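Letters A, B, C, D, E, F, G and H name the chains as they come in the text, with residue numbers starting at 1 for each one.
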Amino acid sequence: MDLKALERLLDAYRTGEIDKTQAAKSIKDLHYEDIGYARVDHSRATRQGFPEVVFGAGKTREQVVGIVEHLVKHAPNILITHTDEGTFGEVRNIVTEAEWHESARLIRIRRDLTDLGVGEIAVVTAGTSDIPVAEEAALTAEAMGNRVKRVWDVGVAGIHRVLAERSLLQSARVAIVAAGMEGALPSVVGGLVSVPVIAVPTSIGYGASFGGVAALLGMLNSCASNVTVVNIDNGFGAGFVASLINRKYEPPKHTN
Amino acid sequence: MDLKALERLLDAYRTGEIDKTQAAKSIKDLHYEDIGYARVDHSRATRQGFPEVVFGAGKTREQVVGIVEHLVKHAPNILITHTDEGTFGEVRNIVTEAEWHESARLIRIRRDLTDLGVGEIAVVTAGTSDIPVAEEAALTAEAMGNRVKRVWDVGVAGIHRVLAERSLLQSARVAIVAAGMEGALPSVVGGLVSVPVIAVPTSIGYGASFGGVAALLGMLNSCASNVTVVNIDNGFGAGFVASLINRKYEPPKHTN
Amino acid sequence: MDLKALERLLDAYRTGEIDKTQAAKSIKDLHYEDIGYARVDHSRATRQGFPEVVFGAGKTREQVVGIVEHLVKHAPNILITHTDEGTFGEVRNIVTEAEWHESARLIRIRRDLTDLGVGEIAVVTAGTSDIPVAEEAALTAEAMGNRVKRVWDVGVAGIHRVLAERSLLQSARVAIVAAGMEGALPSVVGGLVSVPVIAVPTSIGYGASFGGVAALLGMLNSCASNVTVVNIDNGFGAGFVASLINRKYEPPKHTN
Amino acid sequence: MDLKALERLLDAYRTGEIDKTQAAKSIKDLHYEDIGYARVDHSRATRQGFPEVVFGAGKTREQVVGIVEHLVKHAPNILITHTDEGTFGEVRNIVTEAEWHESARLIRIRRDLTDLGVGEIAVVTAGTSDIPVAEEAALTAEAMGNRVKRVWDVGVAGIHRVLAERSLLQSARVAIVAAGMEGALPSVVGGLVSVPVIAVPTSIGYGASFGGVAALLGMLNSCASNVTVVNIDNGFGAGFVASLINRKYEPPKHTN
Amino acid sequence: MDLKALERLLDAYRTGEIDKTQAAKSIKDLHYEDIGYARVDHSRATRQGFPEVVFGAGKTREQVVGIVEHLVKHAPNILITHTDEGTFGEVRNIVTEAEWHESARLIRIRRDLTDLGVGEIAVVTAGTSDIPVAEEAALTAEAMGNRVKRVWDVGVAGIHRVLAERSLLQSARVAIVAAGMEGALPSVVGGLVSVPVIAVPTSIGYGASFGGVAALLGMLNSCASNVTVVNIDNGFGAGFVASLINRKYEPPKHTN
Amino acid sequence: MDLKALERLLDAYRTGEIDKTQAAKSIKDLHYEDIGYARVDHSRATRQGFPEVVFGAGKTREQVVGIVEHLVKHAPNILITHTDEGTFGEVRNIVTEAEWHESARLIRIRRDLTDLGVGEIAVVTAGTSDIPVAEEAALTAEAMGNRVKRVWDVGVAGIHRVLAERSLLQSARVAIVAAGMEGALPSVVGGLVSVPVIAVPTSIGYGASFGGVAALLGMLNSCASNVTVVNIDNGFGAGFVASLINRKYEPPKHTN
Amino acid sequence: MDLKALERLLDAYRTGEIDKTQAAKSIKDLHYEDIGYARVDHSRATRQGFPEVVFGAGKTREQVVGIVEHLVKHAPNILITHTDEGTFGEVRNIVTEAEWHESARLIRIRRDLTDLGVGEIAVVTAGTSDIPVAEEAALTAEAMGNRVKRVWDVGVAGIHRVLAERSLLQSARVAIVAAGMEGALPSVVGGLVSVPVIAVPTSIGYGASFGGVAALLGMLNSCASNVTVVNIDNGFGAGFVASLINRKYEPPKHTN
Amino acid sequence: MDLKALERLLDAYRTGEIDKTQAAKSIKDLHYEDIGYARVDHSRATRQGFPEVVFGAGKTREQVVGIVEHLVKHAPNILITHTDEGTFGEVRNIVTEAEWHESARLIRIRRDLTDLGVGEIAVVTAGTSDIPVAEEAALTAEAMGNRVKRVWDVGVAGIHRVLAERSLLQSARVAIVAAGMEGALPSVVGGLVSVPVIAVPTSIGYGASFGGVAALLGMLNSCASNVTVVNIDNGFGAGFVASLINRKYEPPKHTN
């Protein structure tokens, strides 16, 4: 729960700006709002440092737009992933700052540009086809207040390409590496840097790549000790965790 | 490559303490030593902030001891994982500070106790049977200079147990969560804290747990966005990455 | 076989209302009717407390409608699952009470509203996208004479949402929990209540969710002892079993 | 939390029988006791109608015995599954009523024999080799206050065998069916009865049975609508849920 | 190689009806014809008792028609499976006797109606949705000179339905049983009859049926000893083998 | 049920040889005997042409011997598969004709040597390591009254070896082909003969053979249309079905 | 890096043809060109004897054309695989020699026809449906300077077809064998020849072929020792490696 | 068939050294010898350039020794893989030149040391634990007349280690790369050299390495085009194919 918003509400009640019923309803809504098909979770910003992201797949366009309408009142920055341009059209009617990112198929609302990171986040791909997933990671990290460096198409079969970017990689606070096929790049990057590497298997490949399973297994079995893994094509998750790693550390506030 | 060690060698050569052949050999060895069955990698300390860990499984006892003999000259802290008490006996003959940790089946040499972290690392298990894997993570994190908090047996079927540790979890810089069976605990912990959660699936369970696959899949599909995953039973990897996340951040030195 | 229907037939025969051939044919049909591509099973109502449900997928529209035409003479309540709105149009021509449920893609004929349960059935989802499957369960349970409580979008990553519904859950005779992704919610609900929990894995998720396999495995390995599992997306099955659990218990009649 | 135990403690405190420190510690322990490697969960009896069962596999003998020592003070009936005769020896030193069940490899302490069920539970196996798993289910159900009927070796390849037990099956409140190989028996039993059937796949079989996976898949895909499934070889879980289904229904107490 | 055809050719050559080059080419073609994209195998009739079937999937329409043009000169009966109505249109232009079977998606040319079997072949399905696969089997068996009995929709959840057909099943020389979902019907039929049962798993089902894998595994693990299995949806293969089993046995001719 | 045995019993009762209670018990036992842990199925001989085989794995030695004691009174020929030499020792105490077959790990009692087949059964292996499984098939077929030809070690990598046995293969009524690794031999044999081929995948191989799965899949996908498949290592099943195929065909008796 | 191209550049710089900035940029580009979404790798010709192939799937048409524009300046022969006819239209606008191969869905630019091989490459298929994959291999091998012999439709179920091509196969320097379904042909060819066999599993088949997995496993487990395997449908890879095997061997130049 | 051996036999027959029966038997044995449990294939030397290797696993010690006794008369060099030291003891009694290789668990008889290769074969491992598999490859290649270079422990997490061996790798005619865990090394080596790379996945790893499956999938999906793959742990196969690639090419003899 957002402490400042709570204090504002209590003030408004004491000054008679809102009555008791309104106050009670509003305080409850600070926690989460039940809008029937979803419980919009406004306390997550406090708990996780970022408003709820909307996962578009499996929801109707009306549901997505409805959730955004509720989020937009509390959160400056919002992401809608796995969505389409038609939904973007409707979202832009609500929030004019909404941006459409075609390759990542993602809507981003970014009204707060504060830099929250201690360093930079490197986002790397093995091939050209991995860029959409990597862009999802990069756009997420930017929306969460980070500076991002993009390094595309440096797969291991031409090892000189990634070696050429060694300095860039070694200067980042955390690296995200997206790769399909055999998913070997995170191991190589992991061996070059001394920071955490977040590996994102992509579903790029064919035959025995099994929609990203080969890359996923490769990354889970990485011989580099600094590699952790997120779900196949989960660029958002990688960008999210990288942001938390890069965030300026402050002692916790011990509230709920 | 360790710059100070290199400078010492160059000085020794100029002062005639060592001759040219010795100097060349020693400089090369700073990089890595080829001891036949293994290339002991002394430059990894610079690259990753920690000496090579020895993965004991699949190596003969002689090989493990031989590798340790070479590592021990350069590295204050060493881990040998997936090993046995007999190997410990021989390692202790070389390094008296070696400790044997029965439950994690791990030998630890910890001669440098400097605190390198900015906060604490919470290590959590769902059940009693997950403790050996979690201990591997905790012992690794300590060996890499971190303060660790252990929270055992707070699985989701008795949700009040993990809620009771909410403050402890929320005050950590990073959390490691080890769970077998359905592997649901990282999602719950992930929802309670605003820092990265490293999920470690364990091979605990039976039937359709498939040696940890059920837990692994559960964690990869976590609905909490701050969860990343390491390999089944890979406590070491979780402890390693958590240490890198917790490490005080300094601008990179841009050398090779 | 329905004893009352049998007695009526025998009476009709004795009073000469129907002749011997008609009587024999009708008695046989009480058991099941062979309509070529299907054997419509009227004795199932006696055996299982509910008429045959029609699984629409893999049948032509003509077959579905044909089966319904035979069922509708014997059974007040009928479900057609995995069907489409076009089929609904034709079914409504036969039975005007037919209802179309878009999200569950299900046709329901509900002409008998008797309450057959001892308590209530709670139907719960982890996310918004799981609602279609949960609705199938809820609609089934209602058609079988139960009072149903719906609880949507209380997934484990925001654990306060499910805790907020604790009383509602604890007052049910049985709970159905639908979840995709890691499928962790049944374990948490299972730990909160002392009644059976029927877990329904949904095919919601992506990447390594493998169309619901991750959720299925999570539920099969649940650390809560009161959880049983049905097939992926099988809302109907969950609603069916929950209805049997909630049914008023009467000593069996020991007939065939 | 056990309300009666709480009241006793408060009385004891008021009468001075115990001091404040003791009272506080005891009240906290009513909830759960943290004994280092485990949190023994005494409030589960209230929440689920049964004390915690101890899953023996993956725990040392010392841990199992330690947990039992704490449970035995609060719970009349206790189960230790997946254990061995050596552990039984030590448990019997603590609780003389402990029984050893060789085929199920289970220790049972059963000091409260109250009948808590409304009807009987039928436990059925397809073959002789499935008996150990079915016994685990039957012993669990008895320990939870149920009358159990055992029906062994009525697999589908000799369909007359299960048909011969039709009356017995149809008079039960709930049926548990354990089968390995193709796991077809639950579907047949499901078609014969009008109560819930809990299917337990066993790891019996060879070749493409894959340790019970074939049976598990068969049961999940059962064409009988009243079948739900538990994990491979999970006799305990089946007995537990069957007990909850058979339990006399009372309106919930709405406490936490 | 067809001995009679060979003798005719040799006669034609001796009488001067064809010259040496033609004779050589024709004799070679009796063995197989290389038509570029395919080697049409005319000697298979001798080797297997039936001309080559054309598997339509993965071939262009031109290729299918081209192969049929070559087969039609040597073989009275031909099957084209996994094809479509458009291809049927073109095949009928070549052979007017061609029949289109919509549900099995199969073209059949049946110009030789000789009865080659010693008994009848029973073709059985568990459900209505399994009929297309079963029809493929039945049509194949008929094309190979067998009398076929069709028994549809007698799945195990209503066991009285298959028991009602016991006499029919027990009078067949061989039974084909097609079933999806859990695939249990072959085991039950296997237990009722004393002849071989050929089980055909179908891809009917959803969720954890995995496109027929659950049924396939169930059938491979059948507890009835007289069951063998063919590939998922392979009605043709089942009909083919059943025909060979039902064929009047004659001592082999020992030629190539 | 054995009609002759039944008539004998009825006679004995009428003549007063046995009283009514004995008669009832004996008639029931003709059907099957319930000996507690097993229902010994004497009516199977009528239903399937062979007495029940005892699958030894998963049964205690006492159970195996107990079942044999009951079978031996009704059946001249009995097989106990997946057993050991110790059990053989005890079985020989009951039936002196029992034979121990080390490579197949099978006990055979063969007191009736009548030839029941119309032709011969060829049993073929790809390699030396497949012999134990093939022997199980051959021994079964012999026990069921067949003449068997064994052809060992003719795998496809030396195709001349199987071609050298072409005549032998082409003179059989049915062929059993056991192969591990890639399981290709059944396809080649299937192309050489015009009778049914029963393919038995064996668990021989390593790495990606996955305990016989590679061979199983190869056989299920055989491009030869006359191949059906049994479970991995299921020599018994293959021998059983081959015997039914080879059996002299008689019109069915239409009894139950 | 291409040494001759480098020397030309250095000459051009010395003679003033190009200035220093141009020289530096051009030298760097000899290595690889970074065009934003891709790093076009011109040094690969030196490293691997062939210019980069463009894998079309997962790239936009603009990206494919852009990459080709850069490659075409340095490489005489180029392949674009997994592409479509629309892309071909645009590529032909850039390079008029571009050819479209419909069955393999591949664009080939072949301007250098030098024969680089020591012998011939045989490309073989099991069936007609495997031709597209085999054509990809054959077209690749030709583009890399090899003579190719095509042998289509000689699958193992008609073993005489492949035996008829024995001489052709035995005269090749290396054989490529493409097969779907059970994938047995490489083992048979492997047994007939004494040169390397490259097996290409194709996704042809249905049911338990699992999109080529059955064929892939069959090939990996081949009992012929001279078989290696590439990914499912990877005709390009097979043609590439076969070309390297067939290449005239010259001592390496030891440059980077 | 060995032409020289055949000529010698025919001479011996004409000179009366052997009689007709002996001649016929010996000629047949030149092809293969049927020794009951195996058909020892002496014609393979002609067909594949090497005598049959004996795969020890799944054969009794007597069978292995028996096969060797027959091979040793015709072949100078023999390999027995997957065997043990006890078998070695018995083999050495027959052939004194037999060598025991502990790490590869392989017996080698190497009496012909002729160099048959055009260049060298590089054998590379990612880790120390992969050495046994790589040794099997190296020993095989040597037995087939090749010079071998061993490069151990150059896995990708320390990329400088493999770069340091670049010249050695680039001077080989073919490279074998053995790796477990994620199996990434073949891709990197493949990118560094312009010759074929044979990738051998090893079963080294734990958790989600699934006994080598992760490495196998990684290698099949390699982004380096010059990589082909053999079965998990199949060092022998890799050494065999590498030998055929390295063999001096001669035009084929076109005999059978």
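Convention: contacts are C-beta pairs under 8 Å (C-beta built on N, C-alpha and C of every residue); 3 or more make two chains touch, one makes a residue touch a chain.
Note that the structure is a prediction, hence the values are computed from the model and not measured.
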Point to revise | Other chains in touch with both chain B and chain F | key: D, H
Check your understanding: Which chain has its C-alpha centroid at the greatest distance from the C-alpha centroid of chain E?
Key -> B
Practice item. Go ahead and align chain D to its copy chain F using Cα positions, then give the rotation in degrees, nearest 5. Key: 90
Study note, to complete from the structure: Taking each chain's mean CA coordinate, chain F and chain G are separated, in whole Å, by 51
Check your understanding: With chain centres defined as C-alpha means, what is the inter-centre distance between chain F and chain H in Å?
Key -> 39
Practice item. Would you mind pulling out the distance in Å between where the CA atoms of chain C average out and where those of chain G do? Key: 55
Practice item. Would you please write down the residue numbers of chain C that are in contact with two or more other chains? Key: 127, 158, 191-192, 207-209, 213, 216, 220-221, 225, 231-232
Review point. Which of the chains are touching one another, listed as pairs?
Key: A-B, A-C, A-G, A-H, B-C, B-D, B-H, C-D, C-E, D-E, D-F, E-F, E-G, F-G, F-H, G-H
Check your understanding: Contact residues on chain G for chain E in the complex?
Key -> 127-129, 131, 152-154, 158, 160-161, 204, 206-209
**Study point:** In the complex with chain H, residue positions of chain G that touch it
**Key:** 46-50, 53, 118-119, 166-167, 170-173, 191-196, 198, 216, 220-221, 225-232, 236-238, 240-241, 244-245, 249, 251-252, 254, 256
Practice item. Under the touch definition given earlier, write down the residues of chain D that touch chain B in their complex. Key: 31-32, 36-39, 41, 43-44, 55, 57-59, 63, 67, 82, 201, 203, 212-213, 216, 231-234
**Study point:** In the complex with chain C, residue positions of chain B that touch it
**Key:** 126-127, 155-159, 163, 181-184, 187-188, 190-192, 205, 207-210, 213-215, 217-225
